[in-house]
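What follows is a set of structures for review.
What follows is a pair of complexes built around chain A, which joins chain B in one and chain C in the other.
After this line comes the complex of A and B, so read on.
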């Protein structure tokens, strides 16, 4: 069962990744990108990490893919992109991909991971929280500061003073 | 007087009937029954009264009224029943249909109109059925320059997302389609799909009004998702779980709205915005942009989107009930079930009718707690739906800059206030371990 799901997810993820690159229509390309991100969420489900998987769905599919879709819809493609395509670039790209995959595979084979057990209970998210506030607390505080800074920055940027203030609803 | 069928012969008619019946029997016995058997070979059948259910046994049970109940119980325990009927789609669709009728009638009363009146004998109660029939029988028109695959898929995807949302809602103890450990996160993930479907549907119509409406919907949904998620974090902090059933069960003494009223208010306002209801109905503003992103949808495609919208409304109201109003908890008002009928049988003078399977049905499936929980849940949810419908008769539509200002400045701030209230309650020991709960 897990093997069949793994194979199906692999086909979906890699197939839609190729489709995202090769589609002529940018909209369909972004939909295929959503398929890729959703497939990765499926891999997290298979790895017994539903917490990460659901965040992957909520953040990547739900927000980032929507932003890409939104941008693509508002852009006239012909004005921005020039088609640069020739055989040499294509083969160079395929060769680069093969090199990267072979080296990654070599790393995996070398690392000694031979089997993966799939019937482990999922990691409790409370454990993740406990680890964050005990062992990894500097990382947590750093992340918190960065996120707070970016949220504050976004709020400041969104608050445009040049718009006439009497028209703005208070 | 003309004859409708001048060549009609009774003998020819009977002969054709007999021929049809013979062919049907032949095809059924040669193809149908082996196919059913082959399918049944792969379907796990339940064990009833210590006997494995086979198709022949099932026919026997159906024919014998005193043995039908175990079969019904076995069916009610399947996942299919949960998905199709009770906590899932059928239940939600029934509540959604009631919502549509009550909305039209109540809005009419608020505006001193009559509302639906003629369809059906009493106060137009069959209006919804009439509308459904009309939508089914209407032609589906696809715009000539539309992107057809996405345009066809969008209404179905919308209903599918709404149904996935409904599947996560616990109605009574143990009665939930998908009891996910990360239920609230799954809700956030499902909510994220609605703007995608909306903007794809709007874009694929290749028309101005849907596109403007779709962009407005995207703005609105994405910017209100953030205060929505933040406003629910307070509940997660005080309960320490993301499972919706556990959150509902944790409110047996008092609902969380008593301690987190700010979060409840923020969630209610963001809920109105996510549902595109007045005063946040900019994506469908009918006086400005015809019908917003629904403009080019016709026939049953429009009907599907409406069904999805009201399923979503039910699911959001149910989520509010589960998170803030205590879900199925409440006073026990359902009388105890007649157990003596189940154990000793129904006495009618000299005759005693014993109904087999009633006892296990009463003790295992339809218990007093389950009926009372469902009743409490439905009462609370209907109350929340009433408060969602009410602003439609009262408020005007707000401008888009006011909307974004409200979402990004006020609601996010209030959601953080709510989080600090929850943190204060937990750290002061009022709630959480050692506290009230």
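After this line comes the complex of A and C, so read on.
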């Protein structure tokens, strides 16, 4: 059975995920998204994975959520507060959400996952470091290249061609 | 551990369903990015939960890779939003018609 911390984290995570999508203001929505990401970090702490939890806090809550917040601030004021959606489509979406939740949930509850429990000690995070530099080292280098490439690509995409250098200076 | 694996998978299923709802219903580009983030986080939660219950260090390693790649994806996605907003002065994806193939 789940304990109280788990239930509290579930309420925070799922509640703020719904709030992130349904809040009228995009700014409050992105702050609610921060709640979801922080809640997931809490789940990682519950799963005895403090390294991943701190990574999640640093990367998601610390940088991605702030990046999204700054992008929202670049958008016009009336667009931040305008909800763009069709009413009929919304009901269909809620139906789809409930179908996925019930069917996948029933599959999981009916499967053998329910019987999996463990009394073994958690994975030592030194093993993760060893994994990174031994078995996964090509993937680690590739990941570094992908990150560098994506940041360069983002900068090139967002660059304005129509502004001259002397206009930039003033 | 008092929490079982199936609890974490059910939370993950709920987050996945909410993310799919957001992708299906919302027409705001930024909100669709929120939905994608929620789906990626549901996947990460599954990875770490299965890694804890097996127990195997591979789950956490893959989750770390996934978080880093998601950061790259968000950087590119946000710059695409900025470019599209500059071209159309709107964040409604129905207006981005000339992006259709």
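The rule is simple: the second predicted complex is superposed on the first by the 114 of 170 C-alpha atoms of A that agree within 3 Å, B and C clash if a C-alpha of one lies under 4 Å from a C-alpha of the other, contacts with A are read in each partner's own complex, and residues count from 1 in each chain.
Here is the rule we go by: a residue touches a chain if its C-beta (ideal position, glycine included) is under 8 Å from a C-beta of that chain, and two chains touch if they have at least 3 such contacts.
What you see is a predicted model, and the numbers here were worked out from it, not measured in a lab.
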{"item": "First, second, both or neither for A:69, with chain B first and chain C second", "value": "first"}
{"item": "Touching partner for A:11 - first (chain B), second (chain C), both, neither", "value": "neither"}
{"item": "Partner chain in contact with A:158 - chain B first, chain C second, else both or neither", "value": "both"}
{"item": "Touching partner for A:50 - first (chain B), second (chain C), both, neither", "value": "first"}
{"item": "Touched partner set for A:141, first chain B, second chain C, both or neither", "value": "neither"}
{"item": "Which of chain B and chain C A:61 touches, first, second, both or neither", "value": "first"}
{"item": "Larger contact residue set on chain A - chain B or chain C", "value": "C"}
{"item": "First, second, both or neither for A:34, with chain B first and chain C second", "value": "first"}
{"item": "First, second, both or neither for A:26, with chain B first and chain C second", "value": "second"}
{"item": "Which superposed partner A:128 touches (first chain B, second chain C, both, neither)", "value": "second"}
{"item": "Shared chain A surface residues [contacts with chain B and with chain C]", "value": "51, 55, 63, 122, 125, 155, 158"}
{"item": "Interfacial residue positions of chain A with respect to chain C in the complex", "value": "1-3, 6, 10, 13-14, 17-18, 20-21, 26, 29-30, 33, 36-37, 40, 43-44, 46-49, 51-52, 55-56, 59-60, 63-64, 67-68, 71-72, 74-76, 79, 83-86, 89-90, 92-94, 96-98, 100-101, 104-105, 108-109, 113-114, 116-125, 127-128, 130-132, 136, 139, 143, 146-147, 149-151, 153-155, 157-158, 160"}
{"item": "Contact footprint of chain B on chain A as seen in their complex", "value": "27, 31, 34, 50-51, 54-55, 57-58, 61-63, 65-66, 69-70, 73, 122, 125-126, 155, 158-159, 168-169"}
{"item": "In the complex with chain A, residue positions of chain C that touch it", "value": "1-11, 13-22, 24-28, 30-31, 33-35, 37-38, 41, 44-45, 48-49, 51-61, 63-65, 67-76, 78-83, 85-86, 89-92, 94"}
{"item": "Chain A partner contacts - residues on chain B that touch it in the complex", "value": "147, 150, 180-182, 185-186, 188-189, 191-193, 195-196, 199-200, 203, 211, 215, 218, 222, 225, 240, 242, 398-399, 401-402, 405, 408-409"}
